[in-house]
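Here chain A shows up in two complexes: once beside chain B, once beside chain C.
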Partner chain A sequence: MPNWPSERQLMGTKVPRVDGFKKVSGGAKYSYDINLPGLLYAMILRSPYAHCKIVSIDLGPAESMPGVKAVHLIKKPGDELHYAGDEIAAVAAMTEEVAEDALRAIKVKYQVLPHVSSEDQALKAGAPAARAGSADERGEKIEDAIKEAAAVHEGTYGCEVITHVCLETHGLVARWEGEELTAWASTQAVHGTGTALAQHFKIPKATCITNFMGGGFGSKFGPDIQGIVAAELAKKAGAPVKLLLNRAEEHNAAGNRPSAFAKVKAAVDKTGKLIAFDAETWGTGGHSRGAGFPLPYVYPVDNRRRKHTDCFINAGDNRAMRAPGHPQGSLVMDSLMDDLCHKFDPKLDPVEFRLRNLPSTVLRDIYTKELLLGAARIGWKENWHPRGDNAPGPWKRGLGVALGTWGGGPGDAQATCTLHGDGRVEVKCGTQDLGTGTTTVVPLVAAEILGLQIGDIAGSIGSSAFPPAGGSGGSTSCGGVSVAVAMACTKALAELFAKVAPKLECKPEDLQAEYGRVFVTGNLERGFTWKQACAVLGQQPITASADKKEGEKGMATSTVGGAQFADVSVDVETGRVRLNKIVAVADCGLVVNRLTCESQVLGGVIMGINYGLYEQRRLDPPTGLPVNPDMEFYLLAGAGDIPEIDVVLLDYPERGVIGIGEPPTIPTAAAISNAVANAIGVRVPVIPLTPRRVLEALEGKA
Partner chain B sequence: MKNFAYINAASEKAAIESMSDKALALAGGTNLLNLLKEYVLAPEALVNIKGIAGLNAIESFEGGLKIGANVTLSELLDHAEVRGRYPALHQALYDIGTPQIRNMSTLGGNLCARPHCWYYRYEYFDCKKRGGQGCAAIAGDNEFHAIFATDGPCVMIHPSSAGPALVVYGAKVKIAGPGGSRDAGIEEFFTLPAAAVARENVLKPNELVTHVLLPPPNGKSATYEVRHKESHDWPLAMASVALTMAGETAQEARICLGAVAPVPWRAAAAEAALKGKVVNETTAGEAAQKAAEGAKPLSGNKYKVQLVRTAVKRAILAAATGRRV
Partner chain C sequence: MKLHVKTTINGEEFEFLCEPRESLLEVLRDRLGLTGSKEGCNNGNCGACNVILDGRLVNSCLVFAAEAAGRAITTIEGIQGPEGLHPLQEKFLEHAALQCGICTPGFIVAAKALLDRNPDPSEAEVRLWLAGNLCRCTGYDKIVRAVLEAAKSTAVVMEK
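Right after this comes the complex of A and B.
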């Protein structure tokens, strides 16, 4: 079984991003920055109503406007538009300003249709828009268990719809050269996007390039309508076209995390173990997509029942968003666990309560370790108190904890490694870097296997011209890419050893590559520098290809658990929550790059802070139109809102590489919500925990 | 945004001659440009007033200060006298937007900034200020809207954080128009939507704020702002307070609220409650209760009543003690 070198020089250390300087100096060219000769700018006309039908549409005024080079119809008369922001038509023009004027000149007659703009409206009897989703029932003793329980708690919890708010919006630049299409796309899947474009245009292949990317978080897996439209317009106009969404479009039409609400009744026996769980859940994932999420979450319970309803409303559809479903499951479940613990025994330590309810899987030991470690780092023993801080003054302090779990197994990936006669090493893989640091992972892993330094490796990713790799979703890239690169380098090295061995009068398997040398194991002197060794290749470079499948058993695995702790202060006279500290204990097996790994955890926690305290997509109740599709009324943490974040990585090198992108964002909001409840003595049931909601919860308590 | 002509005014006179309801003054642009981009405003011309000589200085004036309309918020924050003698103003400006926004925003622009309201900002909503039939906020999402003067045609909150502080100092606004120059009391400067729904102040389309006149402060003052986020956010409610003290007793009190009404909202009942009292937690709390009297919250912003009480109480105590609470 292949395995990682037992002694590692680079893996697990802190390696600065190889493209870091470019990023901070403006040298990095994102899709948005691609400017080609003759480039046209495209924009999309969108539905101004939450729900309507196109009666007629007149593109004439746009087509005849000077500077307009192509117009493309997306919907036709008679078509229904399902939300404010649904696409109608697009134009490409010589400037963005002309494109915008042209959109406003298009004449559309709409027939306005009744709309539904909230979960409550959808659930009302007679509304067409709610659909019972799944029902799940296991164990038959729920009622009995509840009757015999030592404590029963019933509560309602919820999370609002939030959007991904990628700093770089969705879109691409499309260029045709004859029948060849090239797209510079902001995408999490260069191969998937290239393939989808080729299929749409029925051409043998389209090339997709993503050298730098400003975030996707699960929302950028294909060309999307705007990508197809850009390529259509480019074809019609005979010129390259740039179409990247503006901020409002990004909020309205480029995906979101569904809302999640739950009315739960749960019970524990006299040892404080969960024995029954009965939940009604609902949420909205837009006009055609569901709002499922895992529940119960993390903590197992045999007797359980759950009924879920998807509320279809006139809003943009959901897309995968960083650990889809899990942050919602975590918020509901870990809030419930705290409330249940309080009901069972107000003096019982919630950490202890969780330890009693851990699953009996591989995660049991991991969670245990994390809970104890995290508790020590947040000062739990010294500062935890039963619910309600009795200190004088308006500021109340509290601590909270929550758990999360994720897969993160190795995704599809192939890579090639080429060794040149002059010592150059090229490694190629058709993956992409969403900002997570994959660009650095590739040379890092190659250098580890080849015994070189990162600067010795020319790594290339971000193009569908490179060996296929899957989309970067599910935290699968780091595992898949690391293994594919390691295997390709291992194979290339074996070929090199075969050629070098005769020169050193040894067998290839006696050779070793380390410290920039190729030498006979045990005798550093008996060997060559890397350059000398490669010189045996002359004009014939070695290229080896590998698939992650060749090494995934042994070098990568899946399933992680994480624990987070929050220390908060709440001003009970204003409802304002201030974070003092977050501790995030994360597990990702073998750490590849400790620096970017920690950075992923930091980013996950910050996203979780936003989820817990600030973000909320808001639709005007009467009209269903968005009131905050911007970054002013849609609140996101600024530097002053981020507390000290203590990141602790558990090292399990023997488990191999596991992805870390998603798991650290799962439990943050729940930990904060629990800390707030601990501080003020009452649960604020729905996140984000705004001043209004905190004050209303306090009023309800009084 | 709609194309517009750009007029660089070299003098007050030139600016006034160019300005009209179709040719708007451009100062820092932090507010105006957003509205142009959203097609909320679509003027034929912008008249740049930043080049007018004499509008960008802070000078001593009758024992107080004369502040040019083009002075930026950052310049005010850096000014030793503003910080030392007018703490309520300094504290009001301190957290506005971000450093970049404060570097561009002018005091004149801050006083004349258009409503901070999502129904005003997005052209697809009904808004009387934009010539529409009604005020979408009344039946809509009004979590951040007014709780005072909510029976009027528009329930916006006035965006100026400087406003309440200028009110408690009894500032005057110097206005230049075709007929010359006049001074308006700061409270007369701001107007309620009931008076004229399309504007927020007394300015005619061809009038310019040239200066703000601050009389010498007589007493202690402070501002307290309640906001959700630390960075890059707006107040949910704020209070500026100026106290004329005799020992620990407030001989006079001026209290003005921000972010809760279409104009900076003078809390007269709270002032009366504090007058003649020794300032402490209890009397500050009593005045705070009075400050919220008369509030008529909308469907989604009852919580702001509590915020007003907290802001007033904390601003009074901060003024009296000189410490931020």
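Right after this comes the complex of A and C.
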């Protein structure tokens, strides 16, 4: 069975990004930076109301405006617009300014309809906007278990809607050459986007290119309306078109993470083990999408019941966001676990309480290690105290812990490896780099297998012209791409060995490639340099293709667990939460690039700090209009808001490669919330933990 | 109406025509091909479009292109010296202080403006100075370390 080399030269070391030079010098070309001759700029007219119907629409004034090259209708009279920002029509013009003027010139008459802009409004009797979602009931003894329990706790917890805020907005540049369409898209899926465009226009193939992209976090998997519209406009105008959303559109129309609220009653037996769980949950994922999230989460419970309701409101629809549903599940479950622990025995250490309630899966051992390791790094033994810091003065300090889990595993990926007679190595894979470091993973893995240095490999990704790979979601790219590249290189190397063996008077299986040489195992001298070895190929290069399926068992894995700890201080006079330190223990399996792996964990933690303390999409209830679709009133942490973050990569090479994009962002906010409860003695039930919410909790109003 | 503007960008003379309402960022990106400066928010909150204008750090999305007349601008494309990368750029690479990289030009330009006026900043000064730059991926930890390390290495060069 194929597996990773047992002694690795490069994998697991710290490798600077191969595309880093371009990124630090301003030379990296993102979709937004593609300027083609004759390029037109496109913009979309959007609904100014939370809920309305188009009565009539007159595109004439825009069409006749000088500089306007194409106009495209997205909705027609009679169509309903479901949120402020819903698409109506689009224009392409010679400058952004003319495009903006043209949008203003389009005459639309609207019939304003009643709107719903919050979960509470949607849940009110009579509102048509709430729909029973999934119901789940297992075990028959919930009531009995609660009656016999050593402790029962009932609480309500929640998280608000947040948005992805990709720094590069959604969109693409579209160019037609005859019937051939090329799109430079900001996307997490070059193959998926190319295929979707080809299907829409009923053409055999559309090429999607993404050399650099400015973040996606789950929200960029296809051309979307704006991508289709850009290509339609380009076709009509006979010129390339650039359409990238502005910041407000990005907040309103390009996806969000659903809210999640839960009213839970749960019980433990006299050993402190969870025995019953009864929850009503609800949330909103926009006007047509649900708001599901996993619950119970991490900690198993036999007797459980859950009733979930999706609230439909006049807002943009949700999209997958970095570990969809899991941060919400973690916040609810780990807050509940802490409150239960406190109810059961205020002096019981919450780490010990969690150890008693771990699942009996492969993760039990991993969580145990992580909890003990993380507790030591945060100073748990020295600094943990039962709920409520009795120190004098307004600043109260507390510690908190939370766990997360994620599936992951190797995603679909194919790769080719070409060895040339002059020693050049080309590796191609139709994956993409969202900023995660995939561009560096490809040559790193190839160099490892071929016994070369990273600079010896020309790796190419970011085009649908390369071998198919899945979208970068679910933390599956690193595993799938690493395995596909390794297998393609292994096959190419075997072919090279077959040609080199006769020259060395040995069998191909006696050869190995390492230290930039191809030699007979055990005798470094009996061999060639890489270039000499490749010279046997002459003018006939070797190209080998592989699918990740050829090697995945043991080389990449799914089912991961992570633990995080927070040390906070809370000012009980102002309600301000100050972070002192976060410890993140990440289940990393076989680390591919230690440098970018750490970056992913840091990024996940900081995103968790963001939604734990700051982020909230706000709609104005009377009008249903978004209040903060910008970067001023939609709060995000800056460099000054970030504490010391101690990243611990739990190496476990025998588990194979694990994608690390999502797991580290799951438990951060729950750990912070638990630390705040530990500091001030009461639970602040809903995140973000704003000063107002902290003060309300202290006053007993929450 | 188009305005005729003469300005100096990264030490080179530039001339362009622009509308009065066009921002410096638009002209840099769309007319002059200097796409290293990025548009993140277009209202001065994210810092991705940071450039140095007559020695002062500005958000180029909030500066009219016409205001550039007769002034000297440094963009990310001009940070690198003839002898190679600036220590800030080297430290950003070495410390992996970049992920998707779209905020990186703004951070480097902002950090350059800081080191120009304060070659030996404290960690708190770095964090405060960079408060106008947002990173979503998010690499603040490594960015702050890279800036501090770059300050140290430029100090060593100056001592030599």
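We adopt the following convention: the second predicted complex is superposed on the first by the 700 of 702 C-alpha atoms of A that agree within 3 Å, B and C clash if a C-alpha of one lies under 4 Å from a C-alpha of the other, contacts with A are read in each partner's own complex, and residues count from 1 in each chain.
Basically, a residue touches a chain if its C-beta (ideal position, glycine included) is under 8 Å from a C-beta of that chain, and two chains touch if they have at least 3 such contacts.
The structure displayed is predicted, hence computed values, not measured ones.
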Residues of chain A touched: more by chain B or chain C?
C
When the two structures are overlaid on chain A, which partner does A:640 contact: first (chain B), second (chain C), both, or neither?
both
May I ask you to decide whether A:97 touches chain B, chain C, both, or neither, giving the answer as first, second, both or neither?
both
Touching partner for A:576 - first (chain B), second (chain C), both, neither:
first
Is A:167 touching anything from chain B or chain C once the two structures are fitted on A? First, second, both or neither.
second
So, A:621: does it touch chain B (first), chain C (second), both, or neither?
first
Applying the touch criterion given at the start, work out whether A:695 contacts chain B, chain C, both or neither, answering first, second, both or neither.
first
Tell me the contact category for A:84 with respect to chain B and chain C: first, second, both or neither.
first
Footprint overlap on chain A, comparing chain B with chain C
97, 637-640
Mind pulling up the chain A residues that touch chain C in the complex?
14, 16-17, 19-30, 32-33, 35, 95-97, 165-168, 212-215, 217, 246-247, 434-437, 595-596, 598-599, 602-603, 606-607, 610, 630-632, 636-640, 642, 645
Within the complex, which stretch of chain C touches chain A?
19, 21-22, 26, 29-30, 33-43, 45-46, 48, 75-77, 79-80, 85, 89, 92-94, 96, 98-105, 108, 124, 126-128, 130-144
Residues on chain A engaged by chain B in the complex (per definition of touch)
48, 84, 97, 100, 394, 573-576, 614, 618, 620-623, 625-628, 633, 635, 637-641, 690-692, 695-696
Under the touch definition given earlier, write down the residues of chain B that touch chain A in their complex.
1, 3, 98, 118-119, 122, 124-125, 136, 139-141, 143, 226-233, 236, 300-301, 303, 306-307, 309-310
